[in-house]
Amino acid sequence: MQVKLENPYRLREGKVKRVIKESENVFTFYIETQEEAFPGQYNMLYAFGMGEAPITIADKGTDYLVHTVRAVGDVTKHIHTLREGDVLHYRGPYGNRWKIEEAYDKELLIISGGLGIAATRWIFQEAIDGRHPIRRVLHLYGSKDYESLLYRELYHRWEEKAEFLITLEKPDERWKGNVGLITELIKKTNISKDALVFICGPDPMVKACVLELEKKGVEHEGIYASLERHMKCSVGTCGHCMIGPFFVCKDGPVFRYDRIKEYFERKEV
Amino acid sequence: MEVRIDALTRVEGEGALDIRIREGKVEDLKLRIYEPPRFFEQILKGKPYHTIPDITARICGICPVAYQMSGVQAVEDAFSVKITEELERIRRLMYYGEWIQSHALHVFFLHLPDFYNVSSILELSKMEKSLVNAGLEIKKAGSKTLEKLGGRVSHPVSVKVGGFYKLPESLEELEEPLERAMDISFSLLEKFKGLHFPKMELKDIIFVSLEEEDYPILKGHILTSDGMRIRKEDFKEFFEEYTVEYSSAKRSKRKDGKVYATGPISRFNNCYEKLSPMAKEYAKRLNLEAPEKNPYKSILVRMVEIVHCLERSIKIVKDYRRPESSQIEYKAMEGKGYGVSEAPRGILWHSYSFDKEGKIKSADIVPPTSQNQDVMELSLLLGLEEVLSQGEERIRDESEKVIRCFDPCISCATHFLRVFIS
Amino acid sequence: MKIGVFKFSSCDGCQLAFFEMEEELFKIPSISYFLEAQSVNEYGHFDVSFVEGSVSNREDEERIRDIRQRSKVLVAIGACAVSGGIQSVGNFEELLKTRPIKDYVDVDYELAGCPISAHTLRDFLMTLLHGRTPSLPDHPVCLECKRKGKVCVTVSRGEICLGPITRAGCGAICPSYSRGCYGCYGPVSRPNLEAFLKCFPQVEEPIKLSFNAYNKVYRENLWKSE
Amino acid sequence: MPFFLKKDRIEVLFGRLKERYKIIAPKLVDGVISYAYVSTMDEVPFGYRDHQAPGYYRIKKEDTKELFTYTHPWNSPKSFLHPPELTLLKAKRKDNRLEFLYPMPDERYALFDVRPCDLYAIRTLDRVFLTKAPQPDPYYAFLRENLFIVAVNCNYATDTCFCSYMGTGPEARERFDLCLTELRDGFLLEVGSSKGDKLLEGLKLEPASEEHLREKEGRIRSTLELMKVGVERDGLSEKLYRVMEDTYWEEVGRRCLACTNCTQVCPTCFCFDIVEKNSFELEESQRVRVWDSCFNPSFATVHRFNIRESIRSRYRQWLMHKFAYWMDQYDTYGCVGCGRCITWCPVGIDIRREVNILASKA
């Protein structure tokens, strides 16, 4: 018998169209591809001899997709050496997507912490492109300092179309806006009880935001969070990304908060 | 003039050499081994007998099997254990593996660069790539034998009192590398013949080796070139260890004060007749004859011994059938035991006494390098005669070359009990 | 990349691993200091220094501090350098004072093993050459033992095996030769010693005889209790 | 239709398998019954009996003419379907480009003597790698599709066996090609697939009698009765979900060595790591899948931080996965009751006992 199955480990290639230096160790890559994908999904990016790393699809155009990568380890550092015209090997897209339709006729609150904005940029842009019946789109973005702000060239457009608020933890004299943790910003902001919330950021930030949202009367059913876990296969077989009964790689990375709450909030699950 | 070599290179372990020259003559010459002693005999005290092969192996990472073999032999001697011929053959094979590996390491990595006046095998490989590759292949045959029988090259894990923890199903995979190493060794004949050897003759020294049924390696009694045959238990009656102030390693001399040498040249001179046919042939083609008294030619003797080991190994491998049992039963008992074998560098003598439960009461180990320090100094005196007038650089260079002929292993030499300041 | 290889109190077995790398030894660019391998050595600055052996006296102590100063990355290789080695058993009997490298200077990486395996050394060097961050195993020998399909000697024959608390890396050689691991790679960083000793009180002796008896983990948890 | 096979005719069956497949069968390796390559039936440890208990395994030769006197081998079919090391891809640098090769395993195995628990474990692995995976794993699929299974029903159970409690044995019910039950003077031979039919093609076989069938039933029943300790399966996962914060986990965590043995010998534990194997000068690089374990301290690290730092939490992950999460993920328990993790735990932690204690706290 001949086994003819699509090999999930098969790598495809895309040309790097454009590289943007966002900050000292964060670069954004535009990759040529016509692959279908949805906001919230990620690819496994391959670096020869180094391994693979899951990286969110930060945005997508008709013939390209966007990855924003922070150089922290072997794979990501290698990817940072890529320049226009180089070839990137990857597989994907994997995982589920942000359920934007849940926000129809409601308020949509997006909360991004640090690099988490890579996972919300695309869905935010969709939400404000006018095709979705969403009452109000609000995006809160918390970042460490001025230097690490990502996607600065897009802010102007975003601010025109939606409420896009930034807060910095450790600002310098260049900064005129909000100062403090993102939870402070949530506190200050007017959010309706039935708002739909998308969060992406480090675990502790997600937890803190949920607490703050609870205070505003937002139900856990109305909160979605995109999680990060150790991942090797991305197709639900290596076991590394498990959180309770869920595989973050295939059941997530986006989870409705009430579904993962009891595992996510528990220590060491 | 004082010539100092602060750190000898391309030898195992670290030592130094001080030479004082006055009016064209060496006035004083000191081989200083400064590695701190590691007190093995003391560490062994109180430990159970079965730890001997694992602990004593750590005296030397280059010839651990030698320590294991002398060690288990001493325990077996104390407990009156008689190993079967079959198991003895496999012990020999393992020991051959170590000789091949260790000799090839010395010949190609440490010694050969001297004959080409280069700093290392890395440089040598740039000019004599195929020679170096050949050396690697020969060494690999030894390494593979050790890995197959003991799990790894350095500090193999399979040797125990009474035999082996486990023996492989088959040794078939060793045949090819061993045979290839043999072919390669012969293909290098012309290269070795073409090496240039400075003249030197060690006239008045005694060659000391073991003597046993075959060319000595695993066991036997001590044989001296002036005709003495000494039982292993009497070793210390004829040879004595002493220390010198400037060195942290013990030395050894014959009680009658004669300087002696142990190692390849001594074995070759004392037991030439027992070499395998191909090894004899190899020696003949190198125009090497016993007695050979030029230590510079030890490199050739090592090649001859490699051929001997390869020939014997191939036979054992071909005849190999896994023994019914990899070890024989025995009981620990009170007593004293001796073990002696031929490490690649020469005679390695162990003795232990045990209490009723087999705990070690005392341990005494005499490694080859301790024994060879006097002959090394003597050879230096001879070897330097020619070059004394040729400047410091040359003296230094030649001194190291002389020392390398003896393949000293300083880690072995500094294993010992206590420093006596003389 | 400038590489230095240094020896302190030891048996030489870990340096041998360089030679046992065979052909690949020749692919290492620029070994600038390695007494055992070459006669021309340069004692300058090093990108990576490999240190074998334990520190036993004043001179050693000064030497290791000097090497540290000259080295961007310092790697302790083998049980002697990582734990003090077999000779450090003497510390407890007040025979001598010999200590692991980390007791004197900062160490960037520790390659476990008595001796280290040529394979591990190869992978480590290669990882550095490829510009990767080396990651060394912190799981027990048991995992390797099972990956190799070896039968557990403790369960099937009642042998004492230090596998469950010993750092992987050797390829589970001892269980492969039907004997229990005697711990030559030293402990994993957080072994459950209490549980292990409770179940196998007889392992205390082999741990204390072992080439890693003076390892920090054992020093602090095992010898203290006395 | 089941057949009756005389004792000596089993050789014929073995011979036919050998013509077509690489046979993996029980064999004595270092005094333990292990799945390994065998070339003749003499290598199979007929007449031996394994005695297993928590942290204990020994065998003894029995004075008997019966063949299948032992239980399952210490390792499991997992070793061959999801091998401990498998190359997923080979990448090669060539003129500034990368070339990729995806080597598919090409072994055609026949597993001779698969016990009901392990047969069920294969079914579980099928779900993990094929039917419930978002993308079926072709490497597994290849080995699986070429696999020929000769199941053997158990006439004996050792003290760590509890398949009956997990509903997986001691009788094989599906997914075999052939199934043997040893009877007093022969074998009952059942055919479970067309592959099985094909292997028997042309053999003259005697149909089994009512009596043969009755004997089989009797034998299965007495094996069942040997299993005295198990777990209460009904509602188990719900109960366990309720005790995730119980202090008892701390208690087990204090005993567990995190040695990973249980996960490695378990026939259904599938977790793996993917590691790079590079050539020295990085002309070539392979991605290799190797067995991993949730007890490995590096298993769940995110940004240098191990999410499950305590052994307690790693033990909880293992047990909850087997008996609770698995149900949600694959609609079956992750445990088939083979007892391997009990036997091969060096400190003898008995998962049945731990499950029962935890469940009783719900």
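The first chain written gets the first letter, and so on, giving A, B, C and D; residue counts start at 1 in each chain.
Keep this in mind: a residue touches a chain if its C-beta (ideal position, glycine included) is under 8 Å from a C-beta of that chain, and two chains touch if they have at least 3 such contacts.
Since we're looking at a predicted model, the values are computed, not measured.
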- Message: What's the distance between the Cα centroids of subunit A and subunit C, rounded to whole Å?
- Response: 42
- Which integer distance in Å separates the CA centroid of subunit C from that of subunit D? 36
- Task: Give, as an integer number of Å, the spacing between the C-alpha centres of subunit C and subunit B.
- Result: 26
- Task: Find every residue in subunit D that makes contact with two or more other chains and list them.
- Result: 30, 278, 282
- Task: Name the residues of subunit B that each touch 2 or more other chains.
- Result: 166
- Item | Contacts with two or more other chains, residues of subunit C listed in rising order | 130, 178
- Take each protein chain as a node, join two nodes whenever their chains touch, and name the resulting shape: line, ring, star, complete or other. other
- Give every touching pair of chains, nothing left out. A-C, A-D, B-C, C-D
- Write out the stretch or stretches of subunit D touching subunit A in their complex. 88-89, 91, 93, 97-98, 100, 102, 104, 128-129, 133-138, 141-142, 145-146, 244-245, 270-276, 278, 282, 285, 287, 292, 294, 299-303, 307-310, 312-313, 316-317, 320-321, 324-325, 327-329
- Note on the structure: Seen from subunit B, its contact residues with subunit C in the complex are 7-14, 34-40, 42-43, 47, 51, 54-55, 58-62, 64, 105, 109-110, 113, 119-123, 125, 132-133, 136, 139-140, 143, 150-155, 157-158, 160, 164-166, 400, 409, 411
- For subunit A, which residues are in contact with subunit D within the complex? 1, 3, 5-11, 48-52, 72, 87, 89, 228-230, 232-233, 235-240, 242, 244-245, 247, 250, 262, 266-269
- Query: Which residues of subunit C touch subunit D in their complex?
  - Reply: 24, 27, 122, 126, 129-130, 135, 137-140, 142-143, 146-149, 151-157, 161, 163-165, 178, 188-192, 194-196, 198-199
- Message: For a test of understanding, state which residues of subunit A touch subunit C in their complex under the given definition.
- Response: 49-50, 73-74, 77-78
